[in-house]
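I've put the structures underneath this note.
You will see two complexes here that share subunit A, one where it goes with subunit B and one where it goes with subunit C.
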Partner chain A sequence: MNTAGSATNPMLLHDSFIELSARERARSLFDPGTFRELLGPFDRLESPWLPLQGIVCQADDGVVIARGTIGGAPAVVAAIESAFQGGSIGEVAGSKIAAALELALADCERGHVVRPVVLFETGGVRLQEANLGLAVIAEIQAAIVALRAHVPVVGVIAGMVGCFGGMSLAAALCSYLVMTKQGRLGMNGPEVIEQEAGIDELDASDRRHVWQLIGGEQRARTGFADALVDDATDAVSAAVREMFARGVRAEHRSEQVDGYLAKLAAVDPGTVTPEAMRAIFGTRSNGGAA
Partner chain B sequence: MSDTTTTRGARWLKALAGESSGAAPVWWADAPLGDDIARFIAVVPDASNRFPRARDNVVGLEQGWRLAQAVRGAIAEDAARTEPHARRPIVAIVDVKSQAYGYREEMLGIHLACAAAVDAYASARLAGHPVIALIVGPAMSGAFLAHGYQANRIVALDAPGTLVHAMGKEAAARVTRRSVDELDALGETIVPMSYSMTSFAKLGLLDQLIDGVDADAPDDAQTERVRAVLAEMVRDARADTTRDLSRRLRNDAAQRTRAASIEVRRRLAEQWNGA
Partner chain C sequence: MEQLTFEYPAKRAVTTRAHVGVVGSGDLEVLLQPADAMRARVVVHTSVDGYSHIWKSVLDRFFTRYDGAALIEINDFGATPGVVALRLAEAIEAAQDAGNGARS
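Showing the complex of A and B:
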């Protein structure tokens, strides 16, 4: 697996993952020729709430659900399309992800293991569908917690939107997370923090600082992500397969309460920096499973 | 900043469960509820918290992990018990203004801290604990996801100041480029955008709206009424054969307002195994 330190310019790669649409990202993860989209654009399951506000719908509501095989095993991929409403989660978009995970769970409970992958590219709740966005995110989270006891739930945060809001909690609940350097994972976006807490707290325009805090490299080096990969379809694909090969996690990150409380206690909030955090939270090797 | 002694979360925890067994910012206590001993949990202000952006009744790093600790403590203590109703009820008293907004919070993984609380509540529900959310104040966004939204049953006081929403009104107005008045007007026709508790009840997510209770200063009779509702929800949850959240889509309100959520599930199930 590729680790931190690659200086490859992603713009020069022929097979950038980030530049792909959600549909093509999903396709690239499956074994060749096995991609089959469910609830595609021709099903026209659109947001019932956006037209009431004069906003043009998209026929897939910005989420692609596809089945096929990954590493020869039945799989389902839920891919969020950042080009539609910033990847925001409305009722239909979120319900598609929740329903896919719930169906995978039902199959697993019957002994038919389905490998689930979620491609996160989202700012969180779609504010035009506010409370239903929040509700479906709670349903996605519930499904991940139930499903990951049967099969690893693998999340990918490639960029360039990143993964924020309630969906960052969903990502944190996944068994394993694959990130690129360009990916960002945080609960509150930098702009939100600047707005809520002031520019002295965080200057959202300081991109280098933002990536030092919540970028893929830092997340992998501090154990919040399990693999850091280059922006290349084969690299993402290989990392996803490696995560499934690791199997169901004995103890998920979000279950490690005493361990993380101890790490937090070791932090001095007055002086902590990304480097200081690495010393306390850092993992043994390339962000591997604890 | 709110004084610990005056927030609703703190008052309701004391009224329902007495003195906390844990220190701020997460109070918890085990206390009688019907025939059970239930664990009550609230997020309260912590004026001297080490993280300056998390000193109010918000969910920050320590709040998220300590909520998980309080919930998992109950799960662990009951895990080996075998008598009927051995899994104690867990009551999340919800009065959370927001998640904590700060660069330290992001760097140190507030997303994971909040996920830990989500995980703990969901795991309690899956293990057979009746998990009840009692909304006595704001239940905002990521803070509500972490503290309450994984519950088997959700009830709320129908009182000024209780609300569920994805973003505060002023911030939502800025982000969607609307005025607060426009946002209020939209909420009257677009149910999920409303800031009122009665509109939230139309989404099928709320099991009971409790009226006639003073959320800030309940008298003994009002406290007993709330306790009776909680006990009823515990019985109801125990009688339910499902431990997932599917019930939220199986009620009349959801049939009307969440038709799209239901249709997505129906059609995805049809297409799941191919032609």
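Showing the complex of A and C:
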């Protein structure tokens, strides 16, 4: 059996995307046979900071960068491995993503369009690398904003970690976001909110409630995600291709400042419910593609 | 964190490399590649200190069946001996598949 997972496995009843490793996820998005990894594990671009703190490194620092084609067009995929340090963004991991996006931008500026996809699965900055991680997240965000004028930048949040912290802002800056029901998108994670604001504010163990607030279905219904897909490799792959087919966005969510401020003003923090959020944010004007 | 090194005799050259696993809770990452001499060398980075005798037992058993001149690097995040043995077997299988793929 091929552990690379390029062939479909007849033993699997359900071809889950969530259960794949970052490398397998990236591979599954490309047109068959075009996956080519850059700065892979044998290049040993590891974190120089983790060993100083007694933490074992991963040879790729938890990020897979790959080139290939998606829908016949040149593409680059950055996939975050959630099993390593919660998908946290350290200096090396983040630099790999930022550099991949910056190189895609350079190509786009020369008229050679490269389709960028980021597979978010991250708790945000890697606390052990603090400011270096934060700095590189800013670079990722700047690259996304520059790139999205040339080509759609497609983000995917499949779960089960979700996408939090500074990387949630990076996800929000993408042209289009694809989520599963299992995916979550939020600034602070539920445990952090419970710890900082108390259990009356949010009971992080109430999974149903957490997903009602920040889960993929709610994010799609409130216009923060553009596609809600089943946890299946072909569904994610098809949705990513559909997002590229929509083309460059006329107006990105992060540019609709007045519209979102008006919606926020309509929220009553004392009584807000998931349903109320849908009513306020779900009403059009999330800047559909041209 | 502890670094351990082990060496074993080898009888045949290894021509391909393989990477399996992830440095996640209870798991480990194995990087297998050709060694530069006719012997096998294993370098273990593990998050759990004080278990070098267990590592030696697991690797001693593994090398009763494996005779490749491989450099094996392991990044371990608290895997049990059973998981270590499975990942090592998976790495060998992946390296063999890579070899078969190159020939066909």
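Following the convention adopted for this analysis, the second predicted complex is superposed on the first by the 269 of 290 C-alpha atoms of A that agree within 3 Å, B and C clash if a C-alpha of one lies under 4 Å from a C-alpha of the other, contacts with A are read in each partner's own complex, and residues count from 1 in each chain.
Throughout what follows, a residue touches a chain if its C-beta (ideal position, glycine included) is under 8 Å from a C-beta of that chain, and two chains touch if they have at least 3 such contacts.
Bear in mind that the values here come from a model prediction, so they are computed numbers and not experimental data.
Steric overlap between subunit B and subunit C is absent once the structures are superposed on subunit A; the two fit side by side.
In the superposed model, A:Glu251 makes contact with neither subunit B nor subunit C. Counted by residues of subunit A touched, the larger count belongs to B, out of subunit B and subunit C.
Shared-chain residue A:Leu38: touches subunit B; no touch with subunit C.
By the document's definition of touching, of the two partners only subunit C reaches A:Ser21; subunit B does not. Contact with neither subunit B nor subunit C is seen for A:Glu275 once the two complexes are overlaid on the shared chain.
When the two complexes are overlaid on their common chain A, residue A:Gln58 makes contact with subunit C while staying clear of subunit B. By the document's definition of touching, of the two partners only subunit B reaches A:Leu213; subunit C does not.
With chain A as the common frame, subunit A serves as the apex of an angle whose CA-centre rays point to subunit B and subunit C; its value is 110 degrees, to a multiple of 10. The superposed three-chain arrangement places the nearest Cα atoms of subunit B and subunit C 15 Å from each other. The interface of subunit A with subunit B does not overlap its interface with subunit C at any residue.
Put simply, subunit B touches subunit A in their complex at residues 50-53, 61-62, 65-66, 68-69, 72, 98-99, 101-116, 118-120, 122-123, 126, 141-142, 144-146, 149-150, 164-167, 171-172, 174-176, 186, 189-194, 200, 203, 205, 244-246, 248, 258-261, 263-265, 267-269, 271-272, 274. Per the touch definition, subunit A reaches subunit B in the complex via residues 36, 38-39, 43, 45, 47-49, 52-53, 65, 67, 91-92, 95-96, 99-100, 102-103, 125, 127-139, 141-143, 145-146, 165-166, 168-173, 185-188, 192-193, 195-197, 201-202, 213-214, 218, 222, 224, 252-258, 260-261, 264, 267, 269, 272, 274, 277. Residues of subunit A that touch subunit C in their complex: 1-4, 21, 40-42, 51, 54-59, 62, 81, 83-85. Listed in rising order, the residues of subunit C touching subunit A in the complex are 1, 17, 19-20, 22-25, 27, 29, 31, 33, 45-47, 73, 75-77, 90, 93-94, 97.
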